[in-house]
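Structures for review follow.
Below, chain A partners chain B and then partners chain C, in two separate complexes.
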Partner chain A sequence: MAKPRIAVHKFSSCDGCQLAFLNLGEALLQLNEQVEILHFLEAGMSDVSADVDIAFVEGSLSTPDELERIRQVRANSQYLITIGACATSGGLQALRNLDGHHDEWRDAIYAQPEFIHTLKNVVPIASEVKVDLELWGCPVNSVQILAAVRALLFGVAPVDDRDRVCLECKRQQTVCVMVTQGTPCMGPVTRTGCGALCPRFGRDCYGCYGPSETAQSETLARRFAGLSLVPDAIARRFLLINSQAPAFLQAGGVFYRSGAEDPRAGDQDD
Partner chain B sequence: MTSRRIRIDVPALTRVEGEGSLRLEIKGNKLVELGLSIFEPPRYFEKFLEGREAREVVDIVARICGICPVAYQISALNALESLSTQAVSPWVQRMRRAFYCGEWLQSHALHIHLLALPDYLGFDNAIAMAERHPEEVKRGLKLQGMGNALIRLFGGRSVHPVGARLGGFHHAPSAETVADLVEKLKGAQEDARNLTHFCASLPLPDDPQSFICVALHHPDHYAMESGEIHTSTGLVLNAAQFEQHFHEHHKPDSTALWSDLDGHPYLTGPLARLNINHAQLPDFLQARLQEIGFQLPSSNMFHSLIARALEIELALHEAIRLLDEYAYPDAPYNSLFLEPGIGFGMSEAPRGLLWHRYALDDQGLIQAARIVPPTSQNQARIEEDLHRSLSRFGLNHDEDALRLRAEQVIRNYDPCISCATHFLRLEKHET
Partner chain C sequence: MSAADFLPRSSLSSLIDLLQQQGYRVVGPQVIDGAILYRPLQQADQLPAGIEQIQQPGQYRLIRTQGPRLFSWANGPQALKPLTFAPRETLWRSHLQADGSLRFEEVIETTEPTAVLGVRGCDLAALSLQDQHFSGDPYYQQRRDSLLLIAVDCSHPADTCFCASTGDGPDARAGYDLALVELDDGYRIRAGSPKGQSLMDNLPLDAATPEQQQQTDEQHQKACQQQRHLPAFEPSRLIHQGQHPIWDSLAEACLSCGNCTSVCPSCFCFSESEVPELDGTTSGHQRQWDSCFSEGHSYIHGHRFRPDTKSRYRQWLTHKFGSWVEQYGRSGCTGCGRCISWCPVGIDPLEALTELGREDVE
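Take a look at the complex of A and B:
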């Protein structure tokens, strides 16, 4: 049997999710025995238009060129897997969607703003093309990537673990930071996958894996109010790394700034 | 020959962090066009930091760069903590340096093995290189893994670690965990030494050129997580004075905000650091310089590879020194009260100086932020270097040779395009 062919593509991002491959150590060399890596610029493979079995996509869409490029990637790939918060929900940079102030921001930073070609809103990959599997996390880790590759190698559907961080804390017998210290923690509404890193370090989860299944965001927002967080502080908890994930956007939007404006992203382009 | 006209397009540079392209046009024996373009769209971090709480900044700025999140966290903490009248504890100072050593180790090992070495050994990528040079590649991946383990010790994970906070760390590792890791780090020292010898034995081009070096300097040790700016032109500046001499420009015919030092391009990064601070290398590394016959200061940019190998040895040595005397602290942080005002901070990211400025209001919210990453500082130097290096190399070489040399020159700077938050893509008349 021919080795499955894979590609790793980067869009607007920090490069951190690609490190789930590059930090594999010797397992990176073993992975190469099981699959053929055709395109992965940072690792030195360049064949952007190669037909592949699996395309891994890091980053969000924020320019007209990126819209073009993702359509091409989709057309060339049997499976398309988004890796990380940027590709899956828009990521941290989608915070610029909230106020719709993109043009002002651009003009404030760049002396020649006419050279900047960006979309008005940062959007996740799935807003433009069909995505077969979403791997959440900021960043995703190597375990998630390898599990997805193995599942596809064996022809089975990858497991989509949508449990809450809270449950992971219980399994690990981690002391609850919200109950014991009154720290406003996003664990009750955030998807697991990190291993409950933050509560294990005695701090609040900040939601980097995005919403869990049946996230009770409004309930948690009320709980935060009970911990005497002001409305803006509540909004900041939900509107951070996965601000455009509907379960977070809705809860955060209620408390954002005056709350009068609808902070949800429009879809018009520059 | 005089009528020769070639155009070299490298539409997607490989083995750099982030995405960019290179365009060269040679007419006769002259380089008539040289463009290093950057694909990365701006992500506007400085703008959406506005209105966020000071405590959130470390978790936000880490996301500017997946390869050097620790540098972003520490520069931000240095800036914000300067707004407090209290200082962080000596334990926190030492452990932050150990944490930072992890990032130098990880980033330098990744750069040398996955990004730079294939050029010198004649491969397209490290995976192909591993078939012929398995031991060298495995040694590199092991050193990279050591760096990641060190970051995880304090940060829980090596990309976007979660342990750093205002006043210290959220969590102190147990003495047993630290002792286990120290043993492993000691076991990697021989690998690191062999790596330095290996890098020094490579046939690196000999291409001296003059440039200004800029690096942090600390009176007590080789500067990494703190210090004052020293330049090879004799300036000594603290973080608050940075903007008096360093300026960023948005050039219309370029793709990025460029920095200059009083109007001149300059180098930041491992070779600049070694050139400025080599007298502070510990004795065993002074001996190593003799063994490999490495003269400092060096004006050969290709020595950046050796500089990274030496800094890997230094980072291992420093981490072991700091952690050998590890004691579990009474508290991993102290709560600092931040006064409203403007805070400046900096540190030496693996690829160079990383400077931050934050204005904090009386509600404890960020009013304004400015971040100057190392790659935008090196940008002018890279183009200057490309111009002269390619001309000196000989523009009569064939396209492949010219392209390889150009890419090697660029990789010497280990540019992190994702990191350069200001970078943008310029639409320009293409052929």
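Take a look at the complex of A and C:
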């Protein structure tokens, strides 16, 4: 029986999610025995228009040519899996959707803005083509990738674990940073998959795995206010890596106040 | 003349030494990451000396004092539950054979004899509930059988505690091998099992002075005066109060995060899943803590019976305080107050029960 063929495509992204493959170590060799990798630029394979059984897609749609390319990828693939926050919810770069000053930012940042062809709004892959499975995370990890591949090799639907970080925190017997320190943790509304990585190191979850099932974002936002967070700080909790995920966009939007009348006014770092 | 039952604090290490000599791994309370956690203990100076605590709805803080006591706090996020009901474990493995059949391999890891120091009455009561629920579960049972339980009567209940009203504390009532009362200068000890008695026989004990006896009684009386109480309600009616408006306000306040059930010492729900190796020839069958606040908990073949927070909260409360009585002969709540302290938004289920109980009276 022929081995299933896979491709790993990159769109607007930092390449970090592709490392979930490259960091596999020995398992990457085992994976290579199970599947045939036809296209994966970061690993050296190039066949961008190959017909494949599974296409992994990293990155958001941020330019007009990416809209064209994702349609081609979809047409060439049986099963399409988005990997990571950018592909699944727009990622960090989708922050530009929030203030509506796309052109001003572009002109302020680039020396020759006439060469920049970008979309005014960054969108996730699923807004343009049908996505069969979304793997969340910034970045995704190898466990998620392998579990999805293994399930598909068995011919069953991959498990979509939408549990919240809190459940994993408690399984790991990590002490709650919100209850013991009053730290505004996104764990109660964020899906697990990371193994509660940040709380295990004593810091608050910042929501990089996106919304969990029944994410009670507005309830948590109210709690953040009770922990003395000012509206802008609450908005930043929700509108960071997964700002376009509806459950985060809605809660963050309540507290978001566009301060970028003139994006050139100054450095917004805090 | 009372029997010798007093162990000076300076001799507490003789108890730990004795346990270690008898081959026990000792687990005891320690300050880790701002909370009291039960972790392997080598010596007495790892115990939380002078530590007291403030617990409020949604808040848990430790306070360092100069006091000599080692157990002047109520509890931490967990105590016995993770030691008997593992947060995550592999139950069995299956191996694909050359002829296409599967070979199943049972995986039970043996646990070394473990002595737990500093167990509270509320946790012993919850352990007894878990014993009922996991009766016949070999994974639970072998860990349970490995335990030697050394209780310390609670002298400093938190504001979130209400064990006096559930009848499970503040003193250890049953299920311990040894129980200690911590006084300013040492411990009064009583045995609850032959194993405990034989340990006691090997400790350098003195007779307690009248002052120590008096302090024991006064301390107990004081610990019984808790701010919170289980309100009056009719357990069998809870499940019929599904239309009560309280569920809507709870759903508004609740994150559905499952922290209450995870820290509850009697909650026992778990999920099971397959974790196959990449080559597809071997798979581990795993179980892990789940919660009635997760969508997976009520998922049955294509349908989620409890899709929203309202139905999940109602399920938890009516089971814990209502149908649990029918199932296990008593309420699932032992008054430890963890669900109140460790709720990130500070929901107090006793307030909901008070509301629901009002309907009984009307």
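Here is the rule we go by: the second predicted complex is superposed on the first by the 257 of 270 C-alpha atoms of A that agree within 3 Å, B and C clash if a C-alpha of one lies under 4 Å from a C-alpha of the other, contacts with A are read in each partner's own complex, and residues count from 1 in each chain.
Just so we're on the same page, a contact is a pair of C-beta atoms (placed from the backbone, for glycine too) under 8 Å apart; a residue touches a chain by one contact, two chains touch by 3 or more.
Computed from a predicted model, the values in this text were never measured in an experiment.
Engineer: Taking chain A as the common reference, can chain B and chain C both be placed on it without clashing, or not? Answer clash or fit.
Structural biologist: The answer is fit.
Engineer: Please indicate which partner A:A233 is in contact with in the superposed arrangement: first for chain B, second for chain C, both, or neither.
Structural biologist: After superposition on chain A, A:A233 lies in contact with chain B alone.
Engineer: For A:G202, using the defined touch cut-off, is the partner it touches chain B, chain C, both, or neither? Pick first, second, both or neither.
Structural biologist: Both partners.
Engineer: Output check: A:D65 vs chain B and chain C. Expected answer is one of first, second, both, neither. What do you get?
Structural biologist: first
Engineer: Between chain B and chain C, pick out the one touching the greater number of residues of chain A.
Structural biologist: On the superposition, B touches more of the residues of chain A.
Engineer: What is the angle, as a multiple of 10 degrees, that the CA centres of chain B and chain C span when seen from the CA centre of chain A?
Structural biologist: Computed from the C-alpha centres, it is 110 degrees.
Engineer: Name the contact category of A:Q173: first (chain B only), second (chain C only), both, or neither.
Structural biologist: Touch partner of A:Q173: chain C, not chain B.
Engineer: Going by the contact rule set out at the top, does A:L92 touch chain B (first), chain C (second), both, or neither?
Structural biologist: In the superposition, A:L92 contacts chain B only.
Engineer: Name the contact category of A:D163: first (chain B only), second (chain C only), both, or neither.
Structural biologist: Second partner only.
Engineer: Considering the aligned complexes, could you tell me the closest Cα pair distance between chain B and chain C in angstrom?
Structural biologist: Closest C-alpha pair between chain B and chain C: 10 Å.
Engineer: Indicate the residue numbers of chain A shared between its chain B interface and its chain C interface, in ascending order.
Structural biologist: In chain A, residues 202 are touched by chain B and also by chain C.
Engineer: Flag every residue of chain A that touches chain C in the complex, lowest number first.
Structural biologist: Within the complex, chain A contacts chain C at residues 27, 30-31, 33-34, 146, 149-150, 153-154, 159, 162-164, 166-167, 170-176, 178-182, 185, 187-189, 202, 213-214, 216, 219-220, 223.
Engineer: Residue numbers of chain B touching chain A in their complex, please.
Structural biologist: 12-19, 39-48, 51-53, 56, 59-60, 63-67, 69, 110, 114-115, 118, 123-127, 130, 134, 137-138, 141-142, 144-145, 148, 156-160, 162-163, 165, 170-171, 249-250, 252, 257, 416, 418-419, 422, 424-427
Engineer: So in the complex, the part of chain A that touches chain B is made up of which residues?
Structural biologist: Chain A reaches chain B through residues 10, 12-20, 22-23, 25-26, 28-29, 32, 37, 41-46, 48, 62-63, 65-66, 91-93, 95-96, 101-102, 105-106, 108-112, 115-118, 138-139, 141, 194, 197-198, 200-203, 206, 208, 232-233, 236, 240-241.
Engineer: Which residues, counting only chain C, touch chain A once they are in their complex?
Structural biologist: Checking each residue of chain C against chain A gives 32-35, 37, 58-61, 77-78, 82, 87-88, 252-259, 262-263, 273, 276, 278-280, 288-291, 294-296, 307-309, 341-345.
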